[in-house]
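Pasting the structures here.
Below are two complexes that have chain A in common, paired first with chain B and then with chain C.
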Partner chain A sequence: MAKRLMKGNEAIGEAAIAAGAPNYFAYPITPQSEVAEYLCWRLPEVDGVFVQAESEVAVGNMLFGASASGKRVFTTSSSPGISLMQETISYMAGAHLPVVFVNIMRGGPGLGGILPAQSDYFQATKGGGHGDYRIIVLAPSSVQEAVDMMLWAFDLAEKYLTPVMLIGDGMIGQMMESVEFPDKYREENNPDEIEWALTGAKGRKARICKSLFLNPEQLEENSFLLAEKYKKIKKAERRCELYNVKDDNKIIITSYGTMARICQTAIDELEGEGVSVGLFRPITLFPYPEEELYAEGSKKNIKCVLSVEMSTGQMVEDVERIMKGKKKIDFFGRTGGVVPSPDEVKDKVRKILRIKK
Partner chain B sequence: MAQQNEVVFAGFGGQGIMTAGQLLAYTAMEEGKHVCWIPSYGPEMRGGTANCTVVVSDKRIGSPIINHPYSACVFNRPSLEKFGGLIKKDGLLLINSSLIDVSSERDDLTEYLIPVNDIAVKVGNPKVANIIMLAAYIEMTGIIKFKSLKNMLTKKLGKKKDLLEINYSALEEGRKLAKKLVK
Partner chain C sequence: MEKTLTGYRYPDTSKKIIIIIGGFGSGKTEVSVNLAKYFTTTDKTPITLVDLDLVNPYFRSREVLEEMEALGVHVVCPTGGKFYADLPILLPQIKGLVESHEGLLILDVGGDSQGAKALGSISSFFVDDSYEMVAVLNSRRPQTSDVSGCLATMQRIELTAKLKFTGLVSNSHMIEETDLDVILEGYELSQAVSAESGLPLFFISGKHTVFEHMKQEFDCPVLPMTRSMLKPWERKEKSD
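What follows is the complex of A and B.
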């Protein structure tokens, strides 16, 4: 299909339609309101469902209901809105229901600000709501990647019957880049063909879709079922991208989303100055590409693994855990909506290597 | 190293700043280049400043955030004050001299004064000031082909024949002036 120039938010909306998910419930919030703005006219064109709910909590419950009845559903929001949806995410994880959430992150905590941030890493990758569960977390670094990931997100959600979350920062939502969609859009689900969907039990045995288990043995069984699922996901679905990784790298930077692109520019410019730095960009944040990071980070030539984030230091805790003390770990971050420049990343690298400007 | 060009368009809300940037991005994309368009977004007020950055490159674009762009087209004084000092050494600065009566006072870059609002009024519609600036910028940098931009305008405005004519005139005026200035 021909290339189109689209804002990340609009492209995410179109990608969901391409994925055969014309069921959208949402509540507007900056910096992702353009998704709703786009879908409010686009969804009627494909006979889709658009409901602007009265709150994010209501959005969550609508998702639960529609997903349980076999519909392919999704929503988009930004940090404070995603916090309000955590109850549903936990319930849907417990009930083994597929759904895709998009979090176009802004600065927090609380109402925070409206500019780009990556401070919801813990919330997204460590469960977010209550209970023993995880969700799959994908982190695009360009508009095209956001589109490709939306298609993949629905596959993953249905393959593992789990909530999947795509996290982008405000920059991914707001910028326009060229993007291509698949030639053939997918068909919507047919709930009658889904073996667990609640479609009315006339003529068949009743199905149950719930997260409430008052019998402790049953709840334990469900929890271990979930744990098994996450093991499988960790084994099969890790993704990462390497950039400028070479034998003469002294530092390897780990960074995701927009921040990774800023690091990429810093790395190009440092290369011009004779300083060799590699980039390890996790594409899936859960499952984190742990083995891959350990393999790259523990190479002989690497002196330090540097985690660069738009937060005060969240992913770096995973990096420390994964590297098991094998190498020095360092961190650089800005937050609250401040997006670091390539120059700041370069300064940090020079400081670690004790190179004078 | 691959060629990359960055330009900031900045002015008041309503001067067609975002449109000028988007036209450039669309056209460069049609020419097969990598492009990225980023608006300033944040708590803004009516009548406040607006700006966008367009990156055009031969290869995959790294940082979408450009702290020191190669060039800028500034449409009002607050924008000159904000971006005048940020442009890279040996860069290019186009100033809307219809509304700005000072220069950047930098001697390490190329600066041109273009009265785009005055020219727009002459052409017949004050709203095409942005197109005049864009045409001048393209003529000076060769970042995209002039013909491609004209085709893009035709595509976008195809049904509005009267607007199309005025935009064509704006393109020609911008180009003519740029040729004269660069000489």
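What follows is the complex of A and C.
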């Protein structure tokens, strides 16, 4: 298929269709409303279903019901909307149900603003809802990566029977880039072939999808089952990308999403000035590529690990935890919709290395 | 652009209002900005650029405000806190500008039929034959990749804007990945849309670096463009 020019939000919608998930429940919110706008005209072409719910809470309940009946489902929203969906995320994690959430992050807290931010890192990776659960969190840095990740997200959700969340700052949803889709789109799954799906118990034993266990031993058993699952995910699904990582690096920058691309520009220009900086870009935020970061960050030549984020400092807490005091950790961030510029990143690097311009 | 591109006819118009409309990704804002820039080099008349892009919260012509003002182009767009709002703000002075203005008025109308609603609300102020209303077409966008898609999109816009198109702009592009093939593919599509609709191809536009190496001749004027709206990691000097 020829490359097309698409807005991230549209591409995410098309990717869900390519993944065999033409079942979409959503409530509009800037900066991701184009997903719904795109799917409004696109889903009827593929016999898909888009239900605009009365609220994000309702979206969550629809996802739970549709997923429990064996359908491949997803939703998209932005920060305040995702907050409203936390109850469902917790319920679906507890009930071992597959689902894909997309959070095109805007500035917060509260209603915040509509410009790009990365201040939902804690919410996504530490569990915004209640209970002993985690979700898989993926962070694309380009429109093409968002498309590829959507396909992967459904695979992961079904492999581990868990909610998966793709988080992108507002830029991921709003920017246009050229993008390619697979030639062959996946078929929708057949609920009758899924061993746990609620398809009507006629002629077979009844099944149940729930997160309520009044017997403490049973609830504990379910929680340990989840913990086992997360252990497997941590072992098998860590992903990261290295850029300009080499022996004369003085600093390793950790950054994800489009923020990492801004850091790349800064790194390229610093390299031209004789200042060598490497980039560690986590692609999965849960599971965090911990061993990989420790291996790169603790090398002899590294003086400092610098976390650059569109927040007041969230991922940096994981970086500190992972580096176990081995190296100096520093942070640079802008937030509220203000996007750090390559020049600001360069200035921060110079300041750490005490280099005058 | 004048130095290297002497062989082309450039866009020209006797009309005092040019309305530029396209869906997102058509490149209507880059076309509006580059057209305004081009007219500053050829025309002594004052130029006013109006941002009527009411639905796109991110990349809009407001972003190039400073650059335009420096060139002497008067830019009309929401200011202060409203600059960042994705609210349908139709500035009261726009009606007045349509009724009476000095020089050339370029309206950048955004976002498919939704953005055209804003235009529809002031459509009665436009006098027949006093304006050009052009559809910006990009063959690499899902809804305008073939003739029927283009015609359907244009029809939707006309119904909402309550004004009729008078011409087309072929602006096929893939942002920084735009090459000769993309531009020629768009030219071909626009010619087919022109034949089907009876609307003239007002001009063809695209990356100036591609036009510089192009040997093809076009039956219409050409507007070579430099990109004004960059992503936060892009540098102006590398964006061509």
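Some observations on this one:
Following the convention adopted for this analysis, the second predicted complex is superposed on the first by the 357 of 357 C-alpha atoms of A that agree within 3 Å, B and C clash if a C-alpha of one lies under 4 Å from a C-alpha of the other, contacts with A are read in each partner's own complex, and residues count from 1 in each chain.
The rule is short, and it goes like this: a residue touches a chain if its C-beta (ideal position, glycine included) is under 8 Å from a C-beta of that chain, and two chains touch if they have at least 3 such contacts.
Remember, predicted model here, so these are calculated numbers, not experimental data.
Taken together through their common chain A, the two structures put chain B and chain C in a clash. Once the two complexes are overlaid on the shared chain, A:Asp343 sits against chain B while remaining clear of chain C.
Judged by the touch definition given at the top, the superposed model places A:Glu10 against chain C, while chain B stays out of reach. Legend: residue contacts after superposition of the two complexes on their common chain; A:Gln174 is shown touching both chain B and chain C. Within the superposed three-chain arrangement, the count of touched residues of chain A is higher for C, of the candidates chain B and chain C. Once the two complexes are overlaid on the shared chain, A:Thr265 sits against chain B and chain C alike.
Once chain A of one complex is fitted onto chain A of the other, the partner contacts of A:Leu115 extend to both chain B and chain C. Note: residues 3, 5, 30-31, 114-115, 170-171, 174-178, 258, 261-262, 264-265, 339, 341-342 of chain A belong to the chain B contact set and to the chain C contact set alike, using the contact criterion stated above. In the complex of the two chains, the chain B residues touching chain A come out as 1, 22, 25-26, 29, 34-39, 41-43, 61-65, 67. Those residues of chain C whose C-beta lies close enough to touch chain A in the complex are 24-25, 56-59, 84-86, 138, 140-143, 145, 173-175, 177, 231-235. Here chain A touches chain C in the complex through residues 2-7, 10, 14, 30-31, 34, 41, 113-115, 170-171, 174-178, 258, 261-262, 264-265, 337, 339-342, going by the rule given at the top. Remark: chain A residues 3, 5, 30-31, 114-115, 170-171, 174-178, 258, 261-262, 264-266, 268, 272, 339, 341-343 touch chain B in the complex.
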